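Each of the next two complexes has chain A plus one other chain: chain B in the first, chain C in the second.
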Partner chain A sequence: MIDLFLFGILPYLTIAVAVTGLIWRYVTNQFSYSSVSSQFLENRQLFWGSVPWHYGIILILLGHLLGVLFPGGISAFNGVPVRLYILEGTALALGLLVLVGLVFLLLRRGTSARLRVVTTPMDVVLLVLLLIQVIAGIGIAVFYRWGSAWYVQTAAPYFWSVVTLSPKVTYISSLPLLVQVHAVNAFVLVGLFPFTRLVHMLSIPFAYLWRPYQIVMWYRRQPRSF
Partner chain B sequence: MDVRAQLSSVFHLDKCIGCHTCSLACNNLWTSRDGTEYMWWNNVETKPGTGYPTLWEDQAKYRGGWEVKGNSLVPRTGGRLGILTSMFYNPHLPTMDDYYEPWTYDYEHLFTAPPGDAPPTARSISKITGRYLDVEAGPNWDDDLSGSPVYAKNDVNLKELTPAEREALFRVEQLVFFYIPRICNHCLNPACLAVCPSGAIYKRGEDGIVLISQEKCRGWRFCVSGCPYKKTYYNWKTGKSEKCILCYPRLETGQAPACFHTCVGRIRYTGVLLYDADGIEAMAKAPEADLVEAQRRLILDPADPEVAAAARRNGISDDWLGAAKSSPVYRFVKEWGLALPLHPEFRTLPMLFYVPPLLPVAASTRTGRYDLAEKSYLGNSESLRVPLKYLARLFSGGNTGIISGALNKLWAVRGYARSQTSGHITDSQAKEMLTEAGLTPDAARQIARLTSLPRFNDRFVIPPYRREEQIQQTVDPQQHKYQVGFGFINPPRRGL
Partner chain C sequence: MQRKILIGLLLTLAVLVFIPLYWATESGRQAAAQERMTAEAVERGAGLYASNCATCHGPGGGGGVGPALKNTPLDEPTLHRTISRGIVGTAMPAFGDEEGGPLNKHQITDLATFIKNWESARQEVSAVPGEIASVTGPAASSAPHAPAPPVAAAPAGAGQAIFESKCSLCHSIGGGKRPTGPDLKGVTQRRERDWVLRIITSPDQLISQQDAIIRELVAEYGLAMPNLGLSRQEAEEVLAYIEGGSGAPVAPSPAPKPTTPQAGPAAGDAGVGRNIYTGKTSLRNGGAACISCHNIGGIGALGGGTLARDMTDAYSRLGDAGLASIMKTTPFPIMKDVYGNRPLTDEEIAHLAAFFREAGRPERPAAAKAPGTFIIVGIAGVIIIAGVFQLVWRRRLAGVRRPMVKGGSK
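Now for the complex of A and B:
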């Protein structure tokens, strides 16, 4: 019963909350969409926190996505042991990098008096949840080795079963507890997405790569005559 | 020719008394909120000095403005991909310590202190953390401190001076300094805008005011380091950048911006300039020493019928053309060549111009008294107390000819005015000075008039915005009345 709730209902619940929450927040309070950077108040620790965290987590999330999108490709890649070792080693190294970044981010929130002024309770909740997620992830990598191999056999089909609205709960509920914690915590993070600073992920300004350098806006552009 | 209008300004540095009234007027109006209390959209600096934020002119430190790479003009901050990949940590961002930590005083203690031997004091407390703070820096901490080893001697503009020249500049008997009031330059080629990943900053087509959309800003912070003048600021509370808005709500109702209106020394002028938007990139790429001339070429003569016709084609009304014709800024910048942009080598084409300070002339003390008359009454460009090279670093991209040209004109105008009023200088002497400076007596009279006796409406020629007419064309004014206004419907809060 609890499995059905956690792996059959919770994913849909959190996605529904995330989508409606994001729309609600964007429509009613676009002003609050910001990276709410605190670099201006604290610079040094941020470098050791933010840079490893962001680069690490982007690559790790990309890895999770690739495993789901191309399970066959990943299996084929892992067919040669050396490649498997390299992939696992890289993933674990990135996991540790992310952990270091996160620890710095948490530490600076606690140690800088200026930062405490701009830290909301949600910031702390988010950082703690992310820490749980990262520790669980590293734990899986260490204790249940060759995750990149079994991930494509378990999590990938589970993901697609959720996407196709016929969730196969047993894919996840038969896995070790640590993996289940990792999954449930991920759902919680998805659900909290619109209510945290995570919304800045939706603001990645790719358009900057091709927009002209200068922007001129007219109150009412008058048509040009000859 | 793509003619556009720009509301521009001139600050006459000889008249600035460094009273900071402008800063306070601005602060009272716009930046007395949480998160903005450290911002001074208008600040007054003592030069030579390091300014606010500290060493803002040092682009090796902050990487602001533009540079010419090969044949193209690129932000010094970096390429587009470079900016996107350093969003997580902007290596050139000034932090609060580069400005100062805003503070107040623990006044409450004066009332609640227990009886004791010594009278209670109000200690300084941080406006950010609320803790006791040992104040070490402030926005005008370098006020009048020329010659101090901390401020004046670290001025980056002194780099090209010889040790002897530096030594002479800081000799106690002839210490010299002047003030530079600074606001956003509302540049033609703004670098803050170019490096904004969100595209939240824009230049208004009608009057050229550069603004930041608070809704679109995502707090990536590149405008702060990208502006070479450090005139965009990061609101640490809301996580959005803010900057001088040239008091556009005042301008649109026909009033001069608050810092202009309150200026005690009446050093500020504002008016419309017409410019050719097609030429911006080419002019911004000019060699460093030619940048002032290039910018003057970009500014068009509103009395030229061809320009007026092109302006009308671009939707510039006759009212605005008329305002451009009587603009004091046009006269100071283009007609007389007296007003110069601050640091044109940043290549943003700033539209705030400064009349360089003539400064007290070095007198001789050889006869045992302070003798101005030894050489000539007003001196000449050889007896400048501040080296030409220093002024050229500030106002002409190192071109000393432009500075001496402007200063000679200022001298000639003074000489001419003297000959008309006190008679201390003869008419023939005055005429000689004018010919040397390349001025006619008529121009000198007008310069003297606009410098020393301008009326309010001579200083501020604000074009009629007629916002109400523009509004009528799109929405019912009654409805519009309830939809707009300055500020927020909900109080701005930091994230969630």
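Now for the complex of A and C:
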């Protein structure tokens, strides 16, 4: 029964909340579609937090997406043990990189006095949930290897069963508890998406790539003489 | 004093001479002892062969109901296992006493040695046929699982024939429970008759309905009953036979006709099985490669998955019958989802069983268990990536603002 709720109902519930929430936020507070950057307040620790986190998580999420979209391709790639080991090793390295970044981001929030002023409770909730998610993911990779291989045969069909509105909960409910935590926490993160700074995912400044050049001019008290 | 020294020198010399002499002849002595012991084993094995095997495999090993055993390509450990456990789906019963058969471990070793040394034992074999008639009778009646002489098997009811070809490999009637399944004596008193008919005709359906009794049985025996393709009519006949035959223990007798050599579990190729296991050869119906979740020895530096059980000792735990049954029915929760619509084919099962048999040998490498190497690989990866970040983007966030601040305060 609890399985049916967690894996058969919760996904739809959180997606509904996310969609409604995003529309509501767009209508009422459009300007807040941003990462609410705090780079201006502190940027030395931010480098070791933000850079590993973002490059790691983008590739990890891409991996999860590829597994769902091309399960056959991933299985074929993993057909030779060495290739499987390379994929898993890379994924674990990226997972640990993400963890390092997240720990730096958490420390930064905790230690910098300037940042504490601008930190909302939701920021802390989000960072803690992300920490749980990352630790669960690394735990799965290490203790229930080879995730990339069995993911495409369990999570991928489960994902499509949810998309096609006939969720097959046994795909997830028969997997180890850690995997279930990873899945449920992912749904929770989807549900919280509109109420956190995660919305900056939807405001990637693509236009930046072809914006016109900007000229930076200096005012100095004593212009140099030639 | 002088004399003592002389004696000491002589003794030393004697030892010095004795050791090389001993050392030089020892290996030859060992070889000779080995040969003598093999010859003895072959002799004992020949006697056992005549009384237990010759009926089906021919007195000269040329085959008959069973395949020819002379010059068999199977090696001794394989022979040993096949003899002690039998082959599921064929008339070959389990002879090992652990499986309820008449032979102990040492006798089976003697038999396997005899079969592998057929040439050297030619004289014994040619001397045997006269002996067969006198030995077969009492052996068959005293040992519950020895093949009965063909004469006794000829006129049998339909239920008995089905029981002997399909059921007796895993179940006995009054012979006690086997590692593969419960004793069926009085089964209709323990369970509802209708339920028994259902499990005979469509066990997979009961399994998929999460039947409570089935779950208990699967937990106890570690394997589920495969669908044998029996109709309701045939099931009734088998059940009638089981109910009627509750008297004496039933011995599986050889099939009345020579069975065509079928792709039983023993026919698989370990090399092909290994490729199926690692996923190099995709499964015909698109199921997951075994390596995804199961670890096993000898497949790669970091081993197989650890989501599910280690398969290194699977063959010794379950044997051909158990492995075939599990791979056929995939009764475990995750496997049921993954292989429910993409079942393994009989051919794949045979190859995999052969690979499990290979991998389970004690001389084969153990499975890579601890995740230590894997974690080290991951940490090394992080350090390399962090190094790249440091080299490429040292000034990434500081690049614009800091020089501006610095410049502005000059």
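To be clear about the criterion, the second predicted complex is superposed on the first by the 206 of 226 C-alpha atoms of A that agree within 3 Å, B and C clash if a C-alpha of one lies under 4 Å from a C-alpha of the other, contacts with A are read in each partner's own complex, and residues count from 1 in each chain.
Note that contacts are C-beta pairs under 8 Å (C-beta built on N, C-alpha and C of every residue); 3 or more make two chains touch, one makes a residue touch a chain.
Because the structure is a prediction, the values reported are computed rather than measured.
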Contacts of A:Arg114 with chain B and chain C, given as first, second, both or neither: first
Partner chain(s) touched by A:Ala93 [first = chain B, second = chain C, both, neither]: second
Contacts of A:Ser37 with chain B and chain C, given as first, second, both or neither: first
Touching partner for A:Leu209 - first (chain B), second (chain C), both, neither: first
Partner chain in contact with A:Trp218 - chain B first, chain C second, else both or neither: both
Which superposed partner A:Leu46 touches (first chain B, second chain C, both, neither): both
Partner chain in contact with A:Arg145 - chain B first, chain C second, else both or neither: second
Chain B versus chain C as contact partner of A:Thr164, first or second or both or neither: neither
Which superposed partner A:Leu175 touches (first chain B, second chain C, both, neither): second
Where chain A meets both chain C and chain B, residue numbers: 39, 43, 46-47, 51, 55, 218
Footprint of chain A on chain C - complex, ascending: 278-280, 282, 286-289, 291-293, 299-302, 304-307, 333-334, 336-338, 371, 374-375, 377-382, 384-386, 389, 393, 396-398, 401, 407
For the chain B and chain A complex, residues of the former touching the latter: 75, 80-81, 83-84, 87-90, 93, 95-96, 128-129, 131, 189-190, 193-194, 196-199, 201-206, 214-215, 217-221, 224, 234, 236-240, 280, 313-315, 470, 473-474, 488, 490, 492-496
In the complex with chain C, residue positions of chain A that touch it: 39, 43-44, 46-47, 51-52, 55, 72, 75-76, 78-82, 84-85, 88-90, 92-97, 100, 141-147, 149-150, 152-154, 157, 168, 170-171, 174-176, 218
Residue ranges of chain A in contact with chain B within the complex: 25, 29-43, 46-47, 50-51, 53-55, 113-114, 116-118, 120, 122, 195-197, 199-200, 203, 205-209, 211, 213-222, 224-225
